[in-house]
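Look at the two complexes coming up: chain A is in both, with chain B in one and chain C in the other.
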Partner chain A sequence: MARTLKLRIWRGSDQDGALQDVTVEANSGEVVLDIIHRVQATQMGDLAVRWNCKAGKCGSCSMEINGKPRLACMTQVSAYAEDEVITITPLRAFPVIKDLVTDVSFNYKKALEVRAYEHPADLAPGEARMEQIDVERSQEFRKCIECFLCQNTCHVIRDHEENKKSFAGPRFFIRLAELDMHPLDTLRNRKQSAQEEHGLGMCNITKCCTEVCPEHIRITDNAIIPMKERVVDVKYDPLRWLGSVIRKREGIL
Partner chain B sequence: MAIDTSGNGVFSEGRAKLSARTLRTDKWWLQPLITVIVLFSFIVYATLRAFENGKYFAQPLISPFYSPCLASNCVKDSPSFIGTIFGTYHIFGMTVSPSLFILIFPLAFRMTCYYYRKAYYRSFWMSPPACAVAEPHAKYTGETRAPLIIQNGHRYAFYAGLVFNVFLTIDAIGAFRNEKGQWGHMSIGTLVLLANATFLWLYSMSCHTCRHTVGGRHRNFSKHPIRYKLWTWVSILNHKHQNFAWISLFGVALADLYVRQVSGGSIRNLYFF
Partner chain C sequence: MTQQIERHKYDIVVIGAGGAGLRAAVEAREAGLSVAIVCKSLFGKAHTVMAEGGAAASMGNVNDNDNWMVHFRDTMRGGKFLNHYRMAELHAKEAPDRIWELETWGALFDRTKEGKISQRNFGGHEYPRLAHVGDRTGLELIRTMQQRIVALQQKDGRDFGDPEKNIRVFAEVTITEILKENGKVAGAYGYRRENGEEVLFEAPAVVIATGGVGKTFKITSNSWEGTGDGHALALKAGANLVDMEFLQFHPTGMVWPLSVKGILVTESVRGEGGILTNSLGERFMFKYIPDVFKDKYADNEAEADRWYVDQDNNRRPPELLPRDEVARAINSEVKAGRGTEHGGVFLDVSKRLSAEVIKKRLPSMWHQFYELAGVDITKEAMEVGPTCHYVMGGVEVDPDSAAAVGIDGLFAAGEVAGGMHGSNRLGGNSLTDLLVFGRRAGMGAVAYVKSHGQNPVSESTIDKAAARIAAPFTRVGGENAYSLHQELQEITHNLVGIIRTGAELAEAIEKIAEIRKRSANISVTGDRKFNPGFHLAFDLDNMLLVAESTAKSALLREESRGGHTRDDFPGMNSTWRQVNHISSFDGEKVNIKSQPLPALPKELFDLFDVHELEKYMTPEEISKGGSN
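And then the complex of A and B:
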């Protein structure tokens, strides 16, 4: 059943821009990305929008719909009331390139700063063996589609541009957690670097990253808080520090 | 509304030029508002009760706000089985309530709890008030320096909380007595203290620090099968940590209120047998 949708779509560049009113037809079962494509085809031929899979797996169509960070391809039009005006804007934590497309290169720079997995020197490629229970915890983090909705909604950088220098953000905290929980990774100072180089201590665990994750990764409970506790093990807990001095090891492994 | 010219946050150079701090149309303010009302009410009630220094014991029931009662001015029969560690102190002519010697520990446990941190950072400090709603602060350093760096001591508050759970469990067991101290009886007060102790254990056992301590810190679960099993159980509880945080908070307040009413003579503690 068709309905008429009233939209406000933000259009502009990194210099200027404004919300523009649009009225468009919508069919039953359509998602917001379908509607944007219809607007693009019929009314705004030069509307810029990033998209790819239309299946919630590529993470391209991240934007803000009625102020909430979402994937446009996974947002049903039917979720909005008949008389509701739907406001569509680009991600508000990153600079605009054009219209709904933002420059998310901040995230790629942060990805480069996370030191890669280090394989045990005495294990040749193909010799590594791991138990399922040792890897399943971090498999949850591999579901990340890098839509950067968590990065966009994290108030540490969304509301404080100056923190971008020193804060990696939730997407890279799950990467750090994945590596620190890896049974074979030999790099032993990830906990310290998570705190000192990637800004884990800036996170005040208000869980917005978890709320917006389209893959339902429990970012805060399963990655950030466990990493915070691991940092306490090596940095703030005097008893564990004493244990590490006596037993010459970096926390329990 | 004019565009904020502070040039920070969502109004930074290069970001989409929008004047609103948020474009959310739902009632995003409702949850922080409820949190403020409930937590503030609890703080007011707990403070009043801690300073009341009375109506906290009615054989065999003792209020969780005063247990373990460790001061020499604890009312007759109410002191903990470990005795009175503290004497009777006076400040400005007022006797210091026995509650004030102990409440700091459960308070510290809740103040540093990962769930409550989320709750009060959002609702009291508005950092942020809700997701994708711009916070009002110009600067933000998180938990990297004093005083918030002390949140990293949560595990010690957790250990202290466990000790209190033991005392409150002993209180609940002691409530299987009658007013003359004879065993083998059960009253509504018994159920109240049992429920309180149960909720507190569930809250503590579902804690993120507990999850880390029992096994989460390991990277090789296969080498620690018992710890892995414990971690799995605590992880199940951890899913409900928020619920247990609220239920146990209400539980403590209601248990105290019940004991207060019984102690003050407003209601009778009805016995089943």
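And then the complex of A and C:
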């Protein structure tokens, strides 16, 4: 056992709860999730934590460690100073179920609101031809492991519960951007729907989401800003606006 | 007395939301039936996301010599001819359609120069065959099907005003029992992990798609969910398990630091040119090419290296032998004292590929080693060793319909089903197995429901299932589930692991039985609300049944083949190749019986060079030349 760790773990429900002090041994090379498991096996058999792969691939063990939204399985204990107390709390933007587990159903509701991919009707299975360079733009967003850390950190919903109704959040802006840039998707109004139905306009590009993304997806630069720019383009450029009205009238769109 | 329980009625209940479960659910809903998808985790977190390398399908996009017959042959060879031929045949034939179908649902695979789906090399596959997305192919599969289910829900929303009317995901629900009435499946019973409240699903057909058993072992690449739930549920419901002795130890898991021991290092590292060396710097795999593979693998470095640029005129490097061979070779090197400081061997891709290419083709490997081990794989070698990865054994099924043998209304697909991979699975065959047999299980369940109709659950059946869930809370001061789980993992690791002996297996069987006895006295602290100790009590019960089945089957099989190596019976034995081990459960213990492996029909027999078959089959089998 390499060192003795001092932790403060939040325990409780959506009604009440408090930080509890815990002292636990840690081996070199361990991550915060290992420590939580040791606490569970030796001191708090009913400590609730959500996790799956413990390899940074499933995005289940999202929590806040010393106030930073992180995956517990990818957070090395050695990143904290010897005498530092590590405080572990549940995601703040979502209601607590118990201890470190939150109710993230908000995200699944939002997922249901994004219109699914639509394949070209005349393109049979196996016939699709796409350039690698064209699929890569969407592939960046499909790396998303749905840890919802970006949703948790986004202050539009973190500090304003009332915004949740009209704001899909960064995870679904990259989903919309992914579909928008998908070489084959036939629904052509992704940007407009991001703006009009999913609250893209409420984002003021502070890039907090990009900072916490464990997959290093450039959420703001590659998804949100390009969509915002082109929405503005279509909406405020008088010629393009006129063009879109005419095309709509002719039933082309 | 039954507490207030949540009740649902569906045509089909799918247990498990990995690749196989989701594909079955899509099939059932598209056929017009109502489906519940029940999973232990959140939607989209299933272990399928961990699959890295790719999905094997003979599309022939990179080498047009490939076709289903070549794929079939490779699969049978990989499984050492213990595969159920019909499953291997269906899989090889249908895999390309299943991959192309994903593309129509929005999947974005990496491309060839012509814009087709790119395919990469992998162990045991004669041609580049694995459709992939970098090294996160499993995530692409899961996300694509998750989004397909959302698409079906959106359609139901438009048609019926309720997106969840006919297809609904019940996340974080554990199923503890398959319910039966009149000897047939009638539904499933379980609890919500969030609050411990009990849930009843009434349905005449249940598809089990619960994945693997890795958590039975100490060092594993599996997530916490791999506790053999479906294997145990099926056994308890009266179904059989086939060939549970065959477990795949993936040759390359991380070995350091301790905290990440067992986490998978994708085979793509070797597919992209990574080489294995021991502490003396020897590229040792050349020493371990078995006779049956001598004409397909290079026996010298020069030829092995040339293969990366010219595959038509050179044999493959031995790093790409099937997984069982590579895992045993690494095990031997370490045992002989030629291992690394942390008990593994070196895997190095930095000498063949530039840093930029490594980061592009193996992004999550780079990330994983950099963040968890402080190793930059573009500059240095990784330390790797075997990790329990996959169970070839599983529910005995009818290949065409995925119907479980022994009980009406039960279906199984994916890792939980047995037979497809024989004694050893080839990398890349798992993801297409999920798709091919997930779809078939969906079709099988649909046909069954249409011909059989509903089968209502009686209150007494519900009461019994409920009593079992309440039991751990009624005991005080009993056994701790966490400690029992650790004890079980020590036993399986030490006595039922990669190299086995008769004496050790017999010892394991006794010790597992002891733990099982003690587990009847597990008590749980805290209440029902998201209580991991309570959850583990049920998972452990499943793992104990799986371990018993594995140890007992392994003790009976007196030969070494694929994922079953007996130190006291080295070498394959053609007589044993004709034998399947069937596990059943009598309420007290697992019993094993031998059953003849279905023989290759003539048209499949004739796909092989008879001299190759002679290496596996008895002279009598060869002279028959197939079963018809």
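Heads up, the rule we're going with is that the second predicted complex is superposed on the first by the 239 of 253 C-alpha atoms of A that agree within 3 Å, B and C clash if a C-alpha of one lies under 4 Å from a C-alpha of the other, contacts with A are read in each partner's own complex, and residues count from 1 in each chain.
The working rule: a contact is a pair of C-beta atoms (placed from the backbone, for glycine too) under 8 Å apart; a residue touches a chain by one contact, two chains touch by 3 or more.
Just so it is clear, the structure is predicted and the values come from calculations on it, not from any experiment.
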For A:A194 in the superposed arrangement: first (chain B), second (chain C), both or neither? neither
Is A:V39 touching the first partner chain B, the second partner chain C, both, or neither of them? neither
What is the contact status of A:Y117 with respect to chain B (first) and chain C (second): first, second, both, or neither? second
Between chain B (first) and chain C (second), which, if any, makes contact with A:H182: first, second, both or neither? both
Between chain B (first) and chain C (second), which does A:S60 come into contact with in this model arrangement: first, second, both, or neither? second
Does chain B (first) or chain C (second) touch A:M227, or do both, or does neither? neither
Quick check on the superposed pair: does A:V101 touch chain B, chain C, both, or neither? Answer first, second, both or neither. second
Just to be sure I read the superposition right, which of the two partners does A:T153 touch: chain B = first, chain C = second, or both, or neither? first
Touched partner set for A:E131, first chain B, second chain C, both or neither: both
Intersection of chain A residues contacting chain B with those contacting chain C? 131, 182
Sort out for me which residues of chain A touch chain B in the complex. 10, 12, 14, 16-19, 64, 66-69, 84, 87, 89-90, 92-96, 102-103, 131, 133-134, 137, 153, 155-156, 158-163, 180-183, 199, 201-208, 211-212, 221, 225-226, 228-233, 235-237, 251-253
What does chain A use to touch chain C in their complex? 13, 27-31, 34, 40-41, 45-60, 74, 76, 97-99, 101, 104, 108, 111-112, 114-117, 119, 123, 125-126, 128-132, 135, 138-139, 142-146, 179, 182, 185
Sites on chain C touched by chain A in the complex: 41-45, 47, 49-50, 59, 96-97, 100-101, 103-106, 108-111, 114-116, 118, 133-134, 136, 139-140, 143, 147-148, 150-151, 153-154, 157, 163, 194-195, 223-225, 256-260, 263-264, 364, 367-368, 371-373, 480, 482-483, 524-527, 529-534
In their complex, what parts of chain B are in touch with chain A? 8-10, 12-18, 22-26, 114, 117-118, 121-122, 127-128, 131-135, 137, 139-144, 148-149, 152-155, 208-209, 211-212, 216-222, 228, 238
